[in-house]
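Same chain, two partners: subunit A is paired with subunit B first, then with subunit C.
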Partner chain A sequence: MSETWLIIGGWVAAGLTIFIFSFLYKDNPFFKIAEHLYLGAGMGWWFQVMFYNIWKPKVWEPVKILVNGLQIIQSYHIWKPEFWKAVWTAGDWTIFIPTLLGLSLITQFFQKISWVSRYGFTFIMGYGAGLVIPVSVSTDFMTQILGTIKPLFKVGTEMSWASFFYTFNTFLIAFGLVCVLIYFFFSAEQKGLVKKASNIGIYFLMLYFGAAFGNTVMGRFSLLYGRFDDLYKYSSVKYFYAAQIIAAALAVYFILNHFISAKKSRAAQDNSGS
Partner chain B sequence: MMLIKRYIPLAIVFVFGIMTLATYYIPPKLAQDYYLETMNKWINIVAAFAFLLALLSLFYSHYNKIKRKVDGWGYSIFVYIGFLVVVVCAIKSEGQLMTGPALTSLGWIFRFLYNTLSASMFAVLAYYIVSTAFRSFRIKTLQAFVLFMAALFFIIGKVPLGNVLWNKLFFWTNVSISQVTDWIINVPSVAAKRGIMIGIAVGAIVTSLKIIFGIERQYMGKD
Partner chain C sequence: MNLNAAAEILFLDEFSAADMPYDAGEEALLKWKTSPLDSAQATYQVFASTMQTGGWIKVDEFSADKKFASDIKLPFWAWKARKDLHAVAIPLETHFGKLEKNKEYFFKIISIKGRQKFESEIVSTQVKRNWFNFARLNNLVFVLVIFGIFIWTVSHAKRKGLFIRRIAGLDAIDEAIGRATEMGRPIYYITGIGSMSSISTIASTFILGEVAGKVAQYDSYVKVPHYNPIVMTVCKEVVRQAYLQAGRPDSYREDMNFFVSSDQFSYAASVDGMITREKPAACFLIGHFMAESLLLAEVGATVGAIQIAGTDSEHQLPFFFTTCDYTLIGEELYAAGAYLSKEPMLLSTLRLQDYGKFFVIVAVVIGIALMTLSVQYKWDLTDKILENIFKTY
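Take a look at the complex of A and B:
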């Protein structure tokens, strides 16, 4: 890719970033263009991923092999066992099952035969449901319990602050888990001791939600730093001050738009008054 | 008609559900070689067609907007432009992002268009998360205070200024802010997370069993 294309890329990236950020001021056509472009580009991106990773190697290539393989059978008579053997060994016939199941989903667009899509959906649901049970039991259920049931004391270690904290933390995790589970246990009325344990469970949940919130905020901010870093890069002379020029052009648009819409609303008020 | 419209699809759910569940109890190599590998390939193919369904649905929706000239119909054209630009570049570069050290046209699109738009869109959320939290979150209870403090530790703990402030104000504790955040994430958060995960697991198992045995069948739509 030539240097010119990298400079054009800089202008495109700076422009799109500023268009998206312009929404922080107010909704505007530039943001909407970028938003719709993102939607289309995103679908295009996933389309090519599906095409080059699934449709081409897993559907098209096996069908092509099958068609080539079937050309041999022309030399056999249909009644001969060699004919059927050649048909069977021509390629992977099973590829038609998921292809037809997948194609059945497209019938959703035709109301009269939309029930055909159930075949595809039921395959997805059946396989998914069958997969979820062992995975949930082993990773989400058993592993979490096993991770909690640990000895409170390390055998062979002397008493120290480290061993005290180990015991304290291990106990706190087990105690917290029981309290959280009591909070989610709706089969017993939440009163008395159950209510107290449930309330303690809420504090553990709040700590987790707070930590998750903090992490999410910082994750988003790291993306924001990345965008600012890119804008800074594209504001250099190498990119012919792309970021500054686009930002200034957008500012001019907003100022002009403000005056024009103010003038229009004044004219509308005058018309309604007269 | 009920047979092919209702009973065969329910049988498909049951058969594939039970067979997939059974692989857990079959020697791993046997299950992996003869069933799971094939099923993974099949589910990928069906999922790819499900994506196609979503794509066609999106195109149909925006086509209708353009056809009926509803408010903002002009923006819908950019959905098609974005799609076509990516697909044409992908075909031109045969799905490759790089050829040696150089970017292909698809790589260029990914870096300057798709990645930029994606990162900017999520970066904008940073403002909204903070402003919404500021406007709607009020510390009226001790529980809300605990949530706030945990979030605050995580936010200030990840910026240099927060570390400097902590070291100035709480130097006498001999504990760094990263130790505090590590403790929160490794001890009380783990307890809460495990409780949630166990709850999710129980819910997922029950829902899956309901799907396999045909008790839950909303995904099939109406007759």
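Take a look at the complex of A and C:
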């Protein structure tokens, strides 16, 4: 890539980053430009991913192989068993099942035959539910139980801090699980012992959420540092101070916009007053 | 080297090859009897080929005191865990690429002890995909039991009705819609970025139906921006049906549900822009969410919308707690459809979930007690049975 294109790329990257960040102040035309560009680029990206990773290898190429394979049937008579054998072995005919189901979704654009799309949607929902049920039973149910069932004491270990903490941890995990599950009982009224256990369950949940929050925020900060690092890179003389110039231009826009808006609103108030 | 000279030392008794049971036709299983002379000093080298006459590839090598039938990770009802039998699973795809149907694969083993070697006879087998994974019988039994209890709870719910405790987040739906009606601003209902195979998205469509019904009654307006086109089509039907049931088909508009983007962050950026410009009075963020959760919820909070969120993505729940007025935590989201509609069929699923939770509590308490006793009194069998019952294969 030539140096000029690198500099242009730097300006575009720095510009779009600052435009998106400008939303932190307030909605503005620059954010709208970045937003719509992002939306269009995102959809364009997904379209080519679907086209090259799904449609081409999973529909177009198998159909092409099938069509090529069917060339041979011209040499057989339709009533001969060889004809049907050649038809059957020409390629993968099952490809038409998902393809037709997929195409059925398009029929919703045509009022008269839109009912056909229900076959595709029904299949997707049925397939999804069918796939989720056994997986949920094994991961949410059985694995959860197995992960919690641990002996309270380790075999052959003498009493020490390590073995004490092992016992404490095992007990705490089991106790926490039971209390959290009690919180999620919907068909039992929460009073008495159930209420107490449920309240302890909420504390366990909040402890977990707190830890998850901290963990995720740290991850997000590392992403933010990444953007700042890029902005710092584009603020160098090599990129003709792209980051500073764009940030300064945006600041000027906001200041001017503030005064113009204030002037307009004053004029509007005067008009309505008179 | 003295090949076959030490046959009496390292002879492979009852060496056989077979298709690995209960798999998807990827592995072959080799078995032979253990010898009293098996030791860490002796080695087995396993060779495989697609021809009987040559092209041998070394597929495994291990010392003779390792790899027994008891090391194969299958449950006791599907596999006899013996210590007197060597058993080796050979992943054929790793060595031969994509496997052909009805193709014969050949195997031989060379056992080595010191300077002596013994080459076994050549055995062969075909591998096939098995229709039934017997190792997952426990999974099937659990599903069937759950199904049986479900049928029972449905009939019970129809006859006697079921009690459901109060869920604050769902009681606030009326308040949120009422506020939007009074302020004359729209309601945003965001189903997240899950597909129709996600349980939280399915639960979200149920709640959308109830919300849309109430919106129709109050003559307010709901906007549902979508990430997934299939979820959008399902939601269109749900909203249309809700308006019909509320007796307001004239108020229904096709553009209530609209597609935004299938790209996570451009979807978030676009919906953020819409929320900022339209300033909705209420935002529902119910479904499957990932990193965009805070981006959406924070903007909703900034414009002063009353926000009700619900997801089973536990990593996103903390963000909803900090930015939303009410948050449905995981299971509460699944309960929402039943809670709002009070339909016996849905109510019975709640009771079923409670039975499931009760079973988990009982299994954990009894399991821990049994495991502790099995450690103290060396009940190895109890330990193994418990592990096999709850293990997923």
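Following the convention adopted for this analysis, the second predicted complex is superposed on the first by the 272 of 274 C-alpha atoms of A that agree within 3 Å, B and C clash if a C-alpha of one lies under 4 Å from a C-alpha of the other, contacts with A are read in each partner's own complex, and residues count from 1 in each chain.
Everything below uses one rule, namely that a residue touches a chain if its C-beta (ideal position, glycine included) is under 8 Å from a C-beta of that chain, and two chains touch if they have at least 3 such contacts.
Note that the coordinates shown come from a computational prediction; the quantities given were computed from them, not determined experimentally.
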Subunit A as common anchor, with subunit B and subunit C clashing or fitting: clash
Which superposed partner A:224 touches (first subunit B, second subunit C, both, neither): first
Contacts of A:58 with subunit B and subunit C, given as first, second, both or neither: first
Touched partner set for A:190, first subunit B, second subunit C, both or neither: second
Partner chain(s) touched by A:233 [first = subunit B, second = subunit C, both, neither]: neither
First, second, both or neither for A:124, with subunit B first and subunit C second: both
Touched partner set for A:149, first subunit B, second subunit C, both or neither: second
Partner with the higher number of touched subunit A residues, subunit C or subunit B: B
Intersection of the subunit A residues that touch subunit B with those that touch subunit C: 20, 23, 32, 34-36, 38-39, 41-43, 45-46, 105, 108, 121, 124-125, 127-129, 131-134, 136-137, 141, 144-145, 148, 174, 177, 181, 184, 205, 208-210, 212-213, 215-216, 220
Partner subunit B, residues of subunit A touching it in the complex: 1, 5, 9-10, 12-13, 16-17, 20-21, 23-24, 29, 32-52, 54-55, 58-59, 94-95, 97-99, 101-103, 105-106, 108-109, 114-115, 118-134, 136-137, 140-141, 144-145, 147-148, 169, 172-177, 179-181, 183-184, 201-218, 220-221, 223-224, 226-227, 230
Touching residues on subunit A, where the partner in the complex is subunit C: 20, 23, 27, 31-32, 34-36, 38-39, 41-43, 45-46, 105, 108, 117, 121, 124-125, 127-129, 131-134, 136-139, 141-146, 148-155, 170, 174, 177-178, 181-182, 184-190, 205, 208-210, 212-213, 215-216, 220
In the complex, subunit C residues that touch subunit A: 136, 138-139, 142-143, 146, 162-165, 167, 195-199, 202, 230, 233-234, 260-263, 265-267, 269-270, 272-273, 276-277, 291, 314-315, 317-319, 321-322, 329-332, 335, 339, 350-351, 353-354, 356-357, 360-361, 363-365, 367-368, 371-372, 374-376, 386-387, 390-392
In the complex, subunit B residues that touch subunit A: 5, 8-10, 12-21, 23-24, 38-39, 41-53, 55-58, 60, 72, 75-76, 78-87, 90-91, 94-95, 102-104, 106-114, 116-127, 129-130, 133, 142-144, 146-155, 158, 181, 183-202, 204-205, 207-209, 211-212, 219-221, 223
